[in-house]
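Order of writing sets the chain letters: A, B, C, D, E and F. Residues in each chain are counted from 1.
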């Protein structure tokens, strides 16, 4: 999440300007509003010409790919403040736009927006993916924050029990001696309950989904919505604003922005010795045939961005520190 | 694997002697031949009294647990050089012996060995688990070693193609430009082929398994056994004897042995201030009620071993370095 | 505090045994129950023969030294579970015993215990020193823990307000927008209140002190004793058992014990090249004339202990890491 | 000292230009000639609106504050090469100018300069503060440099004895065996002598001070002025130009300038995600109500500067390294 | 080699532009095509005015200096794609041009090019120096790469044996059990063989060299030229493109460019406190009399470049890290 | 030097006792008085059976080897306090004793001591090697210490000029502006002078050397012996007792002793997994055929000692830190 924003921030900065001048508005918008969902779609469906001569990425079924796509639209037009959950983000970059269109047409997804826009109604199963994400992130992050001591146990327990809404005379058949165990048990019961509720909601709302008249997260309609919102509020306050988290995220802008800048400069002017060495550090798949830099500006940028976005935090930090002279190579 | 050995080495050392004196021979043998399969069975089935009042661990079905258990015997008697794959290691510690017996009896697994020994024939599905492990570890480690540059690509390619045994006039429908992609593709095809072969073998050998007359790894009967053995040989030479691997494993003996020693000393003599602070560092679940040290020597040792064995490499190194004065706390 | 215990632990260990064999029981007891109050008295009053030819340490007045001495007794006999606050610890080592006796006699402090023991009633002003220590440590540690996020603000605020016992209709003339400011303000008001109360108590109890019939901490008689005890309980739970604190304290045993062992071995066998280099690392003042090792075992031990105990945490860790081959010297 | 200069250098740099454009000349001059004395006055007298609703800082008496203020003038006009010691620096920022005026008027300090300038004669006690500073910094730095081995003992001893100007037949009653002890003793005697002399000078010059006709440091009139100057010369050569000192100071410009730039950019454009995270790292007191950024450019700059200037070296380096991706967060 | 390029890259960058504006084209070309051979000639022949009053550097003989100079020309005109080995690089900076001219005239080296250019035929012995360099770098780097495991032993062995071209029935009188020993032995035999061949070639070609009609590397005419070229190709692929090598070289651009920029800024504007401290970090020899900055822009740049280029990798990285706030000074 | 002592200290410690029990007294004495000169002789003359089948080490001439051998005796009998310079240390281990005897007999070196001892008169050229060592170490260490700021320039200059003993009216033709240059120049002139004097001494004393009646260092008879002794005294005081030096040397005992212990334990009990991994870390040449551990205890010890003693400081520290769990492997 924070990585997406670091990449967007780089492409909004003046440093990135020279690289973007030959791109279309939509291509620029992709990079300046870098979206993990679209990046995921690209990983699943894109084959680099430098890899092999056969396209199609991981070769998943159309249904799987449509289910994966929670936001079946391209980046533009941006839908600020939309009440429609499927329009809040976008689901594929310009480079995969055609591929998604093929999928949508093949599966008969309903078109949305005007003719010029690539914009569809969700595949119904995408509502279940969204619900699964919402449940997991919200509950599990909260449990983690609690176990790490960031959220006081008593506050957490009160909230989790409210969600379960147990009858006052409910007799638990387990007695917990370790509060960590207890939190885990509550989490498991809540997830069970939410799966149950969202499954029922899905069945009930499926006709509307198919008719294109339902467009909100299933989780927004469960019985304990208020408590889930409270969990989110507490998570933001206690976990996401925790100093170490903020410090690492702030560093992420330096690291990801720094790496993008170094490698974009290299592929845009590959003649110098310095840049040649940097290009030698890029894996073959992100380069063109014979490890030449890709032909077009757009490919250069997309491939370098794939390279940087595809690293784990640890790899990115390690590479950044090495090529910036920050980390000491062994023996120095 | 290397962690198992580091724990065994500690319990064989003179440092551990005072802690073991009240243990039975089989309990000692468990610790001195520490076995990851038995540790896994314990994690799946054990509930600490300090967690809650209800036993049963993760509460999996008996069939799942029997399938998981590739070595359905207790530690003694050791079967050195046995030709029977199910006797090469052992599958549960003394602490879970009774639990396994219940499972075996419930599922009707055939008894082996003399009456005093807890020793069964495998559940047939355990042969599939073993095959899956064998295929994955052998092929995927080899692929990783190749991608890390430890194994020369040409040697790897030759061997992998030999396994696939393609007809000389086979036309691949994909052309690879990046050798990493190609290795990945060969790996995928080999895994597919091995799954196919072992599945067929399983069906063919199931009657023998049920009769208790089959006891070797399915993988030892596949068509490309010779090449798989060659892969193993190359992996040992190039990967497992790679200097950084050896250095980290050597450090592991210091780190795991050091942590076991520090925390066993603490729980065996919990009165001193030094030990009290160390005990305060042990998670509640590995202690007894009210965070007292467990009552018996055996529980003390098993729980501390669970605590140490349950850490990731990174956690273990970090804790070791902190309490040994090696790593500098922030601000020093 | 944790340093005292690390030093005691070393001298109780078998490693220290060879060095202690020529010491008296009381000298051994000093080291094995190493006491910061006695170490402080030594720093204030001791001059090393290697420094200059004139004794008397920092040359403070007898009254100051008696006021400083909260525990006017030597180490033996240990008074376990005594209700008398002045007997809970001891105030001077064997090396400074005579000096304290001179002070006590000069100031007319009342003798306690039997003739063989060096054991006095407190100078009345020592009760005020004790009260100051008690107030500061308890309130300020609590405030720090709160500001570091270890103690939830709401729990802290409730407790601190209870101490101040404000009338329900009390109108504060300051409105705080930053809870850190507010905690600081409550802390300041509480310290003011406690100074007031203990000052009054001191005046009231002085006759008893002079008569030798008063021997408890003034703080134990203030109006808010219950809340202060609750503060202590919370501080132990939230602050002193905080993982980083426990980890650093555990490392302290390794570091201080390690340094004592290295340097005691050196001064007890100064002939080898290795030990000569270590002795060259000891500051002149802790050695004898011409930087020879001190003549007696007792002086050797006391001086090395002064050297190690006199280091800041940072100095001790740094020296330990250097001479153990842990920290990398520049250029490696 | 070096921190003041690093802050000034930042505000003189082109990086700071966009932030300063709405400030008055005097406000800019404060920042571009950042002065520790004025910063100290601000800490003592300033309350942030985000703290509480009551102004007045630490609430010291007017006399204390006037005594503290060695340079009772605002930043402009700069008095280059002035012979008047009270005009060499300035004593308060524009933000505290009114407060100082109130103090000066209340205490009846004599006005200096033209009507438009805020410019007073010193409170006489400020001459004593200045003398104390001069004595301490000069003698104690020199002693430290000597004990650290930067200044050869023989040169130091000769100079210190020259200051004491002992009669040739003076018999010391102490013989020192450790030169570090001896240096300490000489330092103590010199400080005693200088206190004596400056006290006498103060009494003698007080009428002139009150008349506003005395304006030089008391230390410039003591008997051993020549030797004190020599001490200063040696300290500069041996201590302040010592490589590690220079290296740390050079790093200070990077670190403090870097932090100012990062956080000023954040508070001047608080909308982006990156900046929001950075603002979340600023303590409440340096922000406005509800942790909003302060309203005016001047407050934004002053508060961020207070935040950065108020960190210890260690805190500043640690924060800089974290948010720049230099230091590795635990677990990477 | 990579250092030369990092220095050139800095002087080609916009950062360096302000410093270069008063330089001649040839002076600029020196810096923007920084050449280690010319830097070596400068070290051997240059005395800094701040060192002593006598010029002449290390005071070697003219013959030694002419032998050292493989490229007896100044930087301009650049001879891109020349077939003449002596013109591929240049051998002295503008600052040492006159000195080389004196040497050339004194030794009677033949002039080349037009009258305005400083451009000579090689001293014949320079061909031997070139051959020695070529042999060593090519063979020894290859051996190192092999011993480090970067080049597979079997490929290396095949190639090295091809160079030796042993008769099929050759009986070695040594049997090797350790392949590292064997590689060393092959390397020694090859170097022996190449010395022999190039010595013979030298004798044969000397008349042409003296006549100025021979201008290619002796190594290009040996019997095993093809294998030597293959060795070079493998070395580039396996060694020079090894990731750690590329990472360190990439860091070198940051470090050397960063140091040049910091210190050039300092000597070009030496008035600020920040720059004064940096200048205090420059060794006396690279400054002018009384440690003032040198008088001319050219001297400022050449001396700072000498300072930076003269550091070992380790010194450069260490200084860069210190003054950039990257490395933590002791005690932080 | 300090490494020799660390190795000796280990073999004197109780840790080494079990490994030494099957060695002869002389073999033990070699290890417990580990001597760099003997280690050098071994490197020059020893071929490991695991390397190749041909003995003779680097295959130097007998004269070169005899010249190298300043101490032509075996370790026993130890000659404490001998006035004969050639007996102060020893020149070869038991493992190379026979080889030296062959050399001595072949060159006709005169036998010394009784028949049972291997003990010769020096080859005359060894006196020149000794003189070269003495001159270099003494003068160059002193110059380094001076340039590092450990020895005050004025003291150094006075002493160096005294050695040169210039006529009072000597006019130097060079004026130095940088004291570092001047120190270098004085060093160069002194070395020139000492070479001259010792060469003359050698010619004069050669008949005595050949007759076996001369046995002291040539340097002990030069005109400036007193100043050279003073240089040694100052070097010890200022350089060799410098804290960082002492700290690194102290660490050396931990590191070298630690590595010897780890690897000796491994080769003496090579069956365990832990030891097998450690043995895999030993280079082939120090093991026996097929990388088995060597056959005899003596070979095991000598080879492991060669392995450890042959590492640079940096390699030893790095290996020690890795296998002890001190240094963090990349990615932890």
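The working rule: a contact is a pair of C-beta atoms (placed from the backbone, for glycine too) under 8 Å apart; a residue touches a chain by one contact, two chains touch by 3 or more.
Since the model is a prediction, treat every value here as computed from it, not as a measurement.
**Student:** Same or different: at the chain A/chain B interface, is the fraction of residue numbers used by both copies above or below half?
**Tutor:** Same, since most residue numbers here occur in both copies.
**Student:** Once chain B is fitted to chain D on CA atoms, what angle does the rotation have, in steps of 5 degrees?
**Tutor:** 180
**Student:** Quick one: point me to the chain whose Cα centre is farthest from that of chain A.
**Tutor:** Measuring from the centre of chain A, the most distant chain centre belongs to F.
**Student:** Matching over half of the contact pairs by residue number, can you pick out the copy of the B-C interface from A-B, C-D or C-F?
**Tutor:** It is C-F that reproduces the contact pattern of B-C.
**Student:** Between chain C and chain E, what's the gap in Å when you average each chain's C-alpha atoms?
**Tutor:** About 63 Å separates the centre of chain C from that of chain E.
**Student:** Measuring from the mean C-alpha position of chain D to the mean C-alpha position of chain E, what distance in angstrom results?
**Tutor:** 49
**Student:** When the centre of a chain is set as the mean of its C-alpha atoms, what distance in Å lies between chain B and chain E?
**Tutor:** Inter-chain centre distance comes to 54 Å.
**Student:** From the mean C-alpha coordinate of chain E to that of chain F, what's the distance rounded to whole Å?
**Tutor:** About 34 Å separates the centre of chain E from that of chain F.
**Student:** Mark out which residues of chain C touch at least two other chains, giving numbers and ranges.
**Tutor:** 314, 318, 326
**Student:** Touching residues of chain F toward chain C in the complex: what are they?
**Tutor:** Where chain F meets chain C, its residues are 5-6, 9, 241, 243-244, 246-255, 258, 313-314, 317-318, 320-321, 326.
**Student:** Taking the touch rule as given, give the residues of chain D at its contact with chain A in the complex, in rising order.
**Tutor:** Touch residues, chain D against chain A: 272-274, 277-278, 280-281, 319, 322-326, 328-329, 332.
**Student:** For chain D, which residues are in contact with chain C within the complex?
**Tutor:** Residues 48-54, 173-178, 180-182, 185, 283-285, 289 of chain D touch chain C in their complex.
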